[in-house]
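Structures for review follow.
You will see two complexes here that share chain A, one where it goes with chain B and one where it goes with chain C.
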Partner chain A sequence: MHATEQELFDSKISQEIRIEPKDWMPEEYRKMLIRQMSQHAHSEIVGMLPEGNWITRAPSLRRKATLIAKVQDEAGHGLYLYSATETLGITRDETIEQLHAGKAKYSSIFNYPTLTWADIGAIGWLVDGAAIMNQVPLCRASYGPYARAMIRICKEESFHQRQGFEILLTLSRGSEAQREMCQDAINRWWWPSLMMFGPNDDASPNSQRSMQWKIKRFSNDELRQKFVDVCVDQAKVLHMDLPDKDLKWNPDSGHYDFGEINWDEFYEVLKGNGPCNHERLEARKKAHEEGRWVREAAAAYARKKNHNHALI
Partner chain B sequence: MDRKTEQWPLWEVFIRARQGLDHKHAGSLYAADAAMAIENARDVYTRRNEGISIWVVESKFIHASNPDESASLYDPANDKIFRHPGFYHLPDELKNI
Partner chain C sequence: MDLVSTFVIYWADNTLILGHRNSEWTGQGPILEQDIALSNIALDLIGQARNFYQLAAVRINRIDKNQTLTEDDLAYFRDPSEFRNLILVEQENGDWARTILRQFYFSSYQFLLYEELLSSADRDIAAIAEKSIKETRYHLRWSAEWVMRLGDGTEESHARMLDAIQMLHPFIGEIFTAADFEYEAAEKGVCPLPEKIKSRWYKEVNSTLASATIPVLSADKISPNALSGKNGVHTEQLEDLLSVMQILPRAYPGVSW
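Right after this comes the complex of A and B.
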């Protein structure tokens, strides 16, 4: 008997054989990947904005060079992911249009403002830290191009988190004002970082599907718990507090218990009502429009050169 | 505002990591021409000295085998185990072969 395409696909998934662009795949699988991967790509790109805000005001040449390198990495991550998304049959233009039209999402975390230099440290430590926690298991995602992009990204991420922690460490050993700035940034970024893992498992129906298809390997709550556990110990190195009075070691579970996330805030930001949603989207659209003449001029120049070449 | 700009062509990028190794596929990117494709490939794929040589080729020039036909395409090799050295039974005392 001949196996159906669905059976062939299922057996590849169960045997950990990667799905490649030209292989048959269920429409729902394709759709889920397009949504997740394009959202991921948009997050890398929009994520450059809050950090870009501090490039000109970095406190030293070393910090400035580091921050530029990090932001440049994020641009690269966006490009790897857009390319990988395109292998599913959606064009680059379509994905960008979806972002600009507000139809595609990006990570809510980037709708918070970067008010002080310490925010750059907190982003590196907590936001990149949460991203890494999410991304490492994605290196084994069942869709080949996604997994390969994630491997490249994860290799580059670790410096992001370390440079962020170093910024906070420096501040934590500084003056009273610097220590306060450090604590303030942690206070503001802690909860939004926990939200980066998405809704609780019982409120996240897609994520079960995603785990069956081996796109995701761990649930939102599992990853969030791992993140809390590592951060508590890291915060001790900074001699800083995490802003959660319910944070407590639980000897029975072997994990830290933590307080309830403010899901109303999460859904408000998701709906577009966060502090910077409007600003972020406008900045992306403006960059796209203002870059148009460059794209057109480069295309015209390439055409002209090809034409001259043909005449020789 | 919604004016469409023509999309630059897509390029596949191949990178030689070190002298003595093959160029290996690294990914793809858009660029107006080959020179820009190489510069962009440098920025996107070799920010940490991952390469010493870059090839780019427009994706439209790449032809691929069809996965649906792989059974018949690779069939000729399936029953030819005599192409592998282990197929031949030789005494243990035979050395350097």
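Right after this comes the complex of A and C.
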């Protein structure tokens, strides 16, 4: 007897064979990927805003150039991810429309403001650091186009993380005002970065499914713990404090214990009530609306040229 | 400062200020691919600016042994009246049409000039031109393609291009009006006088404008302008730009970033 499509899919998943765009896949698997990948793409694009905010004020020419390059990399990541999402049968325009209509989410971390130059360092170190922790396992995700996009993205992200850490290191060795700026940014970005790993495992309804399908490889809490462990050591290099009085080494578990995340804040920001939710979405919509005539002109010009070409 | 160093500063300032303006689009572009393209041009221009500022700093420090200027001192601690950039490049971005046209005018000029600088008597300047000209060739091609798309796109994009042409027209004349440092640098075989590339600039620019169904420019109709960026007399837009760009180094002087 022939294997059913479902059986074939299941056996590929269990044998770690990548699912490719033309393969049969359960509708729920496709939906889960579209949701996760488009959300990831949107996060890259919305994420350009808080950092782009400091390009014009970067304090040296070298910093200015690296920040432009970084934000441009994020646009590139958005592009690969939108393209990878298109392989699942949804266009970039459709996914962007979902973002603008408030139907699709992006990472809540970008709903916090960037108040000083040190925030650019803290975003690199903590936000990109947390993103890498989440994303490295996605390089082995069961869906081929997603896994391949993630390999390239992770390489660039780890470069960004080092740059961010180096910004903070420079500040931490600088003047009193620079050290204060550095500590203040860490204080503001630490907890939101821990929230990037999502709800606790017992409150994360989609996680189990995602792990069965080998999209996700580690649970939210496992990844969060790994992140905390790494950061504590790095903070020592900076001679900076992490703003958590409950943070301490636990010799029994071999990990650092840490305090309880403010889940009320997490769910409020998720619902759209964070400090910059409105501003970020408006900025994206505005860029999209103001660019409409440019896209129309490019399309009209391309049609004319194709038409002329056809006549020749 | 010697006048050849002023010529180097002139190019450093042109590329920095236009790079900065272009970077204001990063994250706000009309199409993701074009956001990346324009950010890339911003990055190229700032890279070129760094080469020119570093060269200027070396030249100034060599002449005045008490000076230890760096690229950042030159970019962040000079006032608007000390900036030598063209008024064209400091103009606000406006819409995509104005940004494109500004880039197209500038890249057309820059490309023709860099071609000449390849054989400059100053080997450092020639080396920067050689390193940069490939980038500039791409900027020119990219912006020319967009001039054509917008000029010959829709009714709206055509109208916006015409507005941009009118808006930027007063700033063309300055490109071809030589300043004292250009006379001096030309005398020493460092660069050509701007007059030398003027007719080629009009020819190249007009050829693209004609394909874009935009009325061509006339070299005879240059409007006289009381301002001269080359001589440090700018529009208010430069002051606004610098007050943002220079804020951190000036608020916290003497530290490293």
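Convention: the second predicted complex is superposed on the first by the 312 of 312 C-alpha atoms of A that agree within 3 Å, B and C clash if a C-alpha of one lies under 4 Å from a C-alpha of the other, contacts with A are read in each partner's own complex, and residues count from 1 in each chain.
Note that a residue touches a chain if its C-beta (ideal position, glycine included) is under 8 Å from a C-beta of that chain, and two chains touch if they have at least 3 such contacts.
Since this is a predicted model, take the numbers as computed values, not measurements.
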Key: First, second, both or neither for A:296, with chain B first and chain C second   = both
Ask   = Between chain B (first) and chain C (second), which, if any, makes contact with A:72: first, second, both or neither?
value = both
Task = Considering only touches as defined above, state whether A:59 meets chain B (first), chain C (second), both or neither.
result = second
Task = Name the contact category of A:113: first (chain B only), second (chain C only), both, or neither.
result = neither
Inquiry  = Let me test your reading of the model: by the given contact rule, A:20 touches which partner, first (chain B), second (chain C), both or neither?
reply    = first
Task = Please work out whether A:91 is in contact with chain B alone, chain C alone, both, or neither, and reply first, second, both or neither.
result = first
Message = If we overlay the two complexes on their shared chain A, which of chain B and chain C does A:80 touch? Say first, second, both or neither.
response = first
Task = Could you give the residue numbers on chain A that contact chain B in one complex and chain C in the other?
result = 69, 72, 76, 79, 292, 295-296, 298, 301
Task = Provide the residue numbers of chain B that touch chain A in the complex, in ascending order.
result = 1, 3-8, 27-30, 32-33, 36, 43-44, 47-48, 64, 66-67
Ask   = Which bits of chain A are touching chain B when the two form their complex?
value = 20, 22-23, 69, 72-73, 76, 79-80, 83, 91-93, 149, 156, 289, 292, 295-296, 298-299, 301-302, 305-306
Message = Which stretch or stretches of chain C touch chain A in the complex?
response = 16, 20, 23-24, 26-36, 39-40, 42-43, 46-47, 49-50, 53, 71-72, 75-76, 95-96, 148-150, 152-154, 156-157, 160, 244-245, 247-249, 252, 255-257
Ask   = For the complex, which residues does chain A have touching chain C?
value = 45, 48-49, 52, 55-65, 68-69, 71-72, 75-76, 78-79, 82, 117, 167, 170-171, 174-175, 177-178, 283, 286-287, 290-298, 300-301, 304
